[in-house]
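First chain A sits with chain B, and in the next complex the same chain sits with chain C.
Now for the complex of A and B:
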């Protein structure tokens, strides 16, 4: 599974960083999220699923490629 | 009025209930029984506001989240159909919380950096010191003492003042005026006056920062005024929003959260006996869910027809989404009326949902983690010094809590 982040939608809530710190971080200048690990596996993938569910802006997707 | 709300089994001719609804006596932590009745009726019901008009009430977690994400609904209270909390002449502009994208996003992104997780984590030791010092002072002073005055309000006020660069010595002034702004029954003139005073105060403060900038958030806004990205008024209004949202809410979570724990001693014991950051973090999420203190409902105006639970809601109509309903939806949270600090409550909507989800949530979470992780361990004998029936609850405000909480140990 591949993590996609729709940056213009992000509202810098930080929820993804709390849910999956191995996969998401925030830019210094404006807190907008970016992806550290595009292909997480195992427990990390579950954490990303949680991030998808709690992202308030529906900015994160897990896609099959 | 309370009588009509307790009538069981709303038939087709049942009168439209008024909103907001009263909580039941003796159940200060539970949503009003009238909201439970609305849930029984279905995903979508109508309620009547102070203006005599009817608005849609969304009762389900999933529907509320979907609508709060929908760009066809607006947070702009001047739009037709917006369910106003109280009469408004449209002049009490409190910045981007009442705006739509793209302007909302443009302004919000000017202040998101200091609320990023890492930046907030870096403040944790300073917040721990504030909390420790206030507890030291409290323990050294006379008791019973009002926990709100001695602890719950100073913690977030000191933190937000430091972050914004507002002198804490002015706290009486801005706390008094904040109270008026968020009181549901304050009249329009009083609210406009309080708002005007706060904007004037922030404007003057930012004027001083123009000459002597610091590394605080307000100085950052001053720089944006200078570069032409922001007008001076926009900057002052944003300052008011941050100052107001930054202390009232967290203070209520501290005081009401403590009261809820004192009423659930087995849950309080979990916190008193742990230093596990995971359990403390989970306790914070669960108390946010359980208490849902920003209880007046998220309110939006519908800009273009949308469908909710198979029903079309028309452009020009208004929707109200109480998070106390969503956060107690049994489909989202099993056994929702039970306070269980060990459950995974992270999906709650106590901070709202959609593009307006709370900007300050990382800060609020961190402050609450420090408070809940420290207060009960350092004051293990903490107990209420008044019966729950004697406590003054904030039924009148858009943020729920207790006006006072006398405690002893």
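Now for the complex of A and C:
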């Protein structure tokens, strides 16, 4: 599974970083999220699913490529 | 459990439905929504949708294929009409009845209105699209209520070239929520741009030509937007036996009655982190609470209290306002980092002897996470703000 982040949708809430800190971080200047690990596995993948569900901008997707 | 009904097909209801499936529930799952649309996101309505930066379909929360994969019985465009807890049945407005073993109530809120016809409100996608059609250069817009929604809409309308008058009954906008100092910063942002913010002004009704004020004066407008808060959608629960009092009253597990949970804007639950009963109308809470309610419904033996640090944001002009915690009812607000005048600051809020919340503009994420963590661990005011 690949993590996709729709950057223009991101509202810089940082909820993804709280849910899956191994996979997401935020830019210092504007708080917009970025992906650290595009292909997480195992427990980390579960954490990303949590982040997908919790993102208040619906900006994160897990997709099969 | 073989039949779960989720009433409310917005952020909280969708999060609940997805969580039920993710946690392995494979029985019948009915999602009821009074709007005809599949679940969509509301925060952009007063931002990118109103400004027409985004096409309406950009707010859709899940692609059709993602919704399909949930195996839902989708009942869209039909409101819930009643609940019979004893017989575990939801009655819908079209006369049909849906039995359940487990129920999640996520019917949200609706805008409060003023007497008189013809004013806009801003809650649904259709509301936003209707208002956006009418906004443009030179249009005179009166916004009633300078809360977060009214302020965001005013900011967008100003950017579109409308002549905006923003009317607020309180002396300082949002002071009850964020404190007077921050309220004045927000007020100044309007005034500096030429938005005609008038405080201490109470609107009594919408008229053909605009709005009438409590002192009898009238303000003319081409369009009027009423943004004076919301009411929880609980009328359908009358006689259900559920306790309703400014929302569906729940315990710390979001349970309202055996097998009945509530989530999102409509839920009033006891948040043990702050030791108060609260009802939160924020997007982030909708998702978090929908997930929490779903998990507790599925596995009552391992249920967890729902004790989040609430979070919200608001975009007004070029300012992004972010807040963590519970700001309402604070006893003190103090700038704890940066400076208000520079538009780069953190304000801390004290309730009792604790740091109960922070609000920030222009601060880096790691700073915000630090403050959030302090609230999450229940840090004392003295130790947190030094």
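Keep in mind that, in the parts below, the second predicted complex is superposed on the first by the 65 of 65 C-alpha atoms of A that agree within 3 Å, B and C clash if a C-alpha of one lies under 4 Å from a C-alpha of the other, contacts with A are read in each partner's own complex, and residues count from 1 in each chain.
The definition used in the following text is that a residue touches a chain if its C-beta (ideal position, glycine included) is under 8 Å from a C-beta of that chain, and two chains touch if they have at least 3 such contacts.
No experiment lies behind these values; they were computed from the predicted model shown.
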{"item": "Which of chain B and chain C A:49 touches, first, second, both or neither", "value": "second"}
{"item": "First, second, both or neither for A:26, with chain B first and chain C second", "value": "both"}
{"item": "Touched partner set for A:14, first chain B, second chain C, both or neither", "value": "both"}
{"item": "First (chain B), second (chain C), both or neither touched by A:58", "value": "both"}
{"item": "Chain A residues contacted in one complex by chain B, in the other by chain C", "value": "11-15, 17-18, 26, 28-29, 31, 53-54, 56-58"}
{"item": "Residues of chain B defined as touching chain A within the complex", "value": "69, 105, 108-109, 112-113, 115-120, 346-347, 351-355, 357-359, 361-362"}
{"item": "Touching residues (chain side chain A, partner chain B) in the complex", "value": "11-15, 17-19, 25-26, 28-32, 50, 53-54, 56-58"}
{"item": "Contact set on chain A toward chain C in their complex", "value": "9, 11-15, 17-18, 26-29, 31, 49, 53-58"}
{"item": "Touching residues (chain side chain C, partner chain A) in the complex", "value": "11, 15, 18-19, 22, 41, 43, 58, 61-62, 283-284, 287-288, 291, 311, 313, 320, 322, 364-366, 368-369, 372"}
